[in-house]
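Per-chain numbering from 1; labels A, B, C and D assigned in written order.
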């Protein structure tokens, strides 16, 4: 870590800072120029509270030379992590499609969709039972009953299920769930991260509405530091001034994350765009840029013709998407083959 | 609510939509133009899931005429809410200063600061016991012990205490806390909002890193809809491309929120700017623009001269800030006196 | 256009508004509900100043049913625009690679790069002669001499040249230039847009640092409304809070723009990411999602080993990129084949 | 300037880099740690193209110790710049109100408003003659005739006039204009900045839609480096995800800019919020936080009752605003009195 001090730092404060840094078992390498004084810190700087140092009066800036995450870091774990979900492998060249409705609505609905997406080649079934909604008056999901319906669909199709956990107190209900999803709004709900970190379940961690890729990796680090290494990173777009689409999808994040980390990277084209017509082209791009999987909203035709969601695909549209995506697997960007790793 | 349909909507879908809307006890007022067809919905539209309608194939756009929040809405509650914290009134012209350290570090520290900020005129003591940190390796706060030290400082000074709750499982520890703070990263942790909504404690709800003012009010609505009307809204800046300061403070949000809602609005100049030198000028502006209170980080001089945080004020600097802020109370913008309400 | 009025609008103001709208040769269709009053405007609303109406006291909101652009609008021009640059076709299924250095540095440099990128399959040569720099002290480009060197490279290779125009007074110098580039910082330099609109040169219009896709199309409209229909839209990412990359590339913009407009869409992976290692994967994704072309920074090995720019590719790396991109042409997303158009 | 190299940099490249830096008349101070190698550059680093260094393969990051601007820098010019506009002083404790309509519409209109705002205490008259509009079909202003009408209003009232210049070719028309305004969309129109830098007219430079404060100061540097030191910086808010207001106003920018630079700082509460009801409270806050002036949109009552713009104040409302703002002048934050400078 590099600590760049302000011009003519207070001697006493500088001495105290150096003593304090040494007390953290760091070697401190002082280098003074005319314009500036620099401290080079050698040792395990991951234990250093960078904000604390940054806040010091005599400090101009602090620059990490190593990333602040270890377990999620490709440097300390060169090989791709491959996550096994009931026999389905994700990562390390194993690519998957996860598909299903935004919300579980009924047994008929979830079973019908599960059969269709399985037939199309989906490896996992997604579906919301507990729904984060910005309004307390909006539909909050079927909850516990929704989980039960997902398990029925799993029993009928054999597809492992992915569904969102919103609070630690629901954890007991998720014991028989295959993949725990942490939603964008909870990406920095650190207690929730710690609690899923103490389970042994695969976790699909979504990027927050306004979080950097480093923060996403730090949130993965929370889970991993608590013992659970089965983390999948999910790029689902973030909030910008652009209103043409629901979010702005950051596809360049896929190769960026795969260089920095060994964890699988999943892309959610449905929430990213919020427009069904854009889900297929975005899925093709996400595949070619190297995503280890896609999580796609698919909806059948429910009563009242409320079906054709702007964001949800029909089963037929998903059949077509799945075919086109698989045609591109041979062309998917691979950092190791490219010699980037 | 206004639902603007796409050109030449599918007859069957339109009929189904109208039937479904009527089934929600809404009067549906159809109006067809050459270019477009519009549905005017009369009734309690707060129960309508706007996203669901927006997602329909035949719908071009949906526009609420009324805000989606009721309990927090000035229209349904014209008078300012005045919150009483151990005899201290906040809102409705009652302005307060909340001050204290970012983190509780020791009994000596918190008691010393509490005495200083009380002498300067602070009405509440703030201090972090449970700290949300983006790194699992950064100092996470003293936790339960931190709460105990805050209570000691309260006993010594009589100042009510404000401290952050990070997860519902900590609620029992907060029974004797005066004001529960919900941090920016938890603004849309809806289960946490519901749980604090079931308590009778005043809540300081901070705006999220990338949340709109409407979302802030909807999060307040979560708390209020669960029975707890004692909500204070806190503007603390949000994340933008600008890196000169820690966040971009949206001071215009203060009169905006006070027009839309009857809840008190507090400004946090410390997290907003992240720079001690900017805390005073921002505090003056926040006062004049009509904030009901300020929550300011103040730190004493701890060992190792690690004190002068860029963001924390010294007690002396806080004395000066408090004096200057109080001089401006007579000039604070008041929507009612201005005839805006 | 739909004008939604506030509740109980002032009668006189409403009457005046309606008269004024009729004076613009619009049919005004009044529809009154309990909650709201709506005006449906039929006719050529592209002449209506939406901001003026939005600013009226009695108006709650204004919603366009038709996009505010006509010449750039797919509705009024269903077929893809195909732009011919010295025999090279761009758009309508014709895909191209534009490549070259960020700045023209010397004849030796630009000619060498031109030969290499031509050999790799680039159809146009890019190179900066006039450089927009945020610092007046940074290298501003070789200017007029840079244009001369580009023409030498064109003479040697036959590659048409693309280079940036920064101000109208430079237009005479661009008479012999094949494609005029309008940089991101000038996307809303409306006088410059009008002036290039009065030429007959193909224009590569880059999206601004914080501009919406609608604003990009409106800037294209400025050029087209002045008589020049040869506009290529360029997505090059925009500015967000994310600092991992230089900009956030909005690849979903490609199919979005191609649905809304008939103009070719070019992607700039170099400025979008600012990282050479990300240029290839982003180029693959941009190709598959349907971009009509890529504009890529390629640099040879200049003296002083200042070569391997984070953002610029070596000629060898470009050879590889070009091969991989062309392998994906058969898989490029095509809205017409998909039945979206 | 500090150049932090990657681990184990290529020896040859490092040597070449050092030689090249020395060729720029910089002293290079090499400091090697276990983890990292750092180059400290002493000398006039403002001539160094930081992007070029940042782009080098062996470079991890580059950190300026000094700001990249000189003429605008408080360090090189400790005293506040005071700009004289026809006898009106701005800056250095001299505070002004600039007011007038968004657009000049007619002689009757501009003269009437000029008289009213002068009576209220405005020191300058603002009014748009050339209007930047995102649509080529929207009203573009009266142009040359608008300038003539502004001069008539000046002759009638003695108020100096502030109006926007959109392109260098209009400069001859501005010879008799008192203050040239550079709009947000032209903040990085570098040729325009150079051209106004070659005049001797006071310039009101507005912050761009998505520009940092450092970029704003660099744009001021463009003007000053070309010989014109009479620059006023204008904070008018920028674009974020928040749609409640037209822009997000960054009031903390005022004391930030005044610490970094000696130039006057003006705040535009009208464009910042886009809502008339917010203009007064924001003006009070801008005054107390230390703005040297405000530029406010004021409109009279034109025919057709199209008057009460959401964003424009009536003359009566401006009378009230002016009184309240002046009451706060004694409380305006002053960095020198506070000992920050």
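Note that in this section a contact is a pair of C-beta atoms (placed from the backbone, for glycine too) under 8 Å apart; a residue touches a chain by one contact, two chains touch by 3 or more.
In this text the structure is predicted, and so the values were computed from the model without any measurement.
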item: Taking each chain's C-alpha mean as its centre, the one farthest from chain B; value: C
item: A-D, C-D or A-C - pair sharing over half of the B-C contact pairs; value: A-D
item: Which of A-B and A-D has more C-beta contact pairs; value: A-B
item: Averaged-CA centre spacing for the pair chain D and chain B, given as whole angstrom; value: 31
item: Centre-to-centre distance between chain D and chain A (centres being mean Cα positions), rounded to whole Å; value: 40
item: Separation of mean Cα positions, chain B and chain A [Å, integer]; value: 27
item: Where chain C touches two or more other chains at once, by residue number; value: 210, 238-241, 243
item: Contact footprint of chain C on chain B as seen in their complex; value: 2, 4, 7, 27, 29, 31, 33-36, 38, 40, 42, 60-61, 63, 65-66, 239-241, 243
item: Footprint of chain A on chain C - complex, ascending; value: 210, 212-214, 238, 240-245, 248-256, 259, 272-273, 275, 277-278, 280-282, 284-290, 324, 327-328, 331, 333, 338, 340
item: Interfacial residue positions of chain C with respect to chain D in the complex; value: 10, 12-13, 16-17, 19-20, 46-47, 49-52, 54-57, 68-69, 132-139, 166-169, 185-186, 188-192, 194, 208-211, 215, 218-219, 221-222, 225-226, 238-239, 304-312
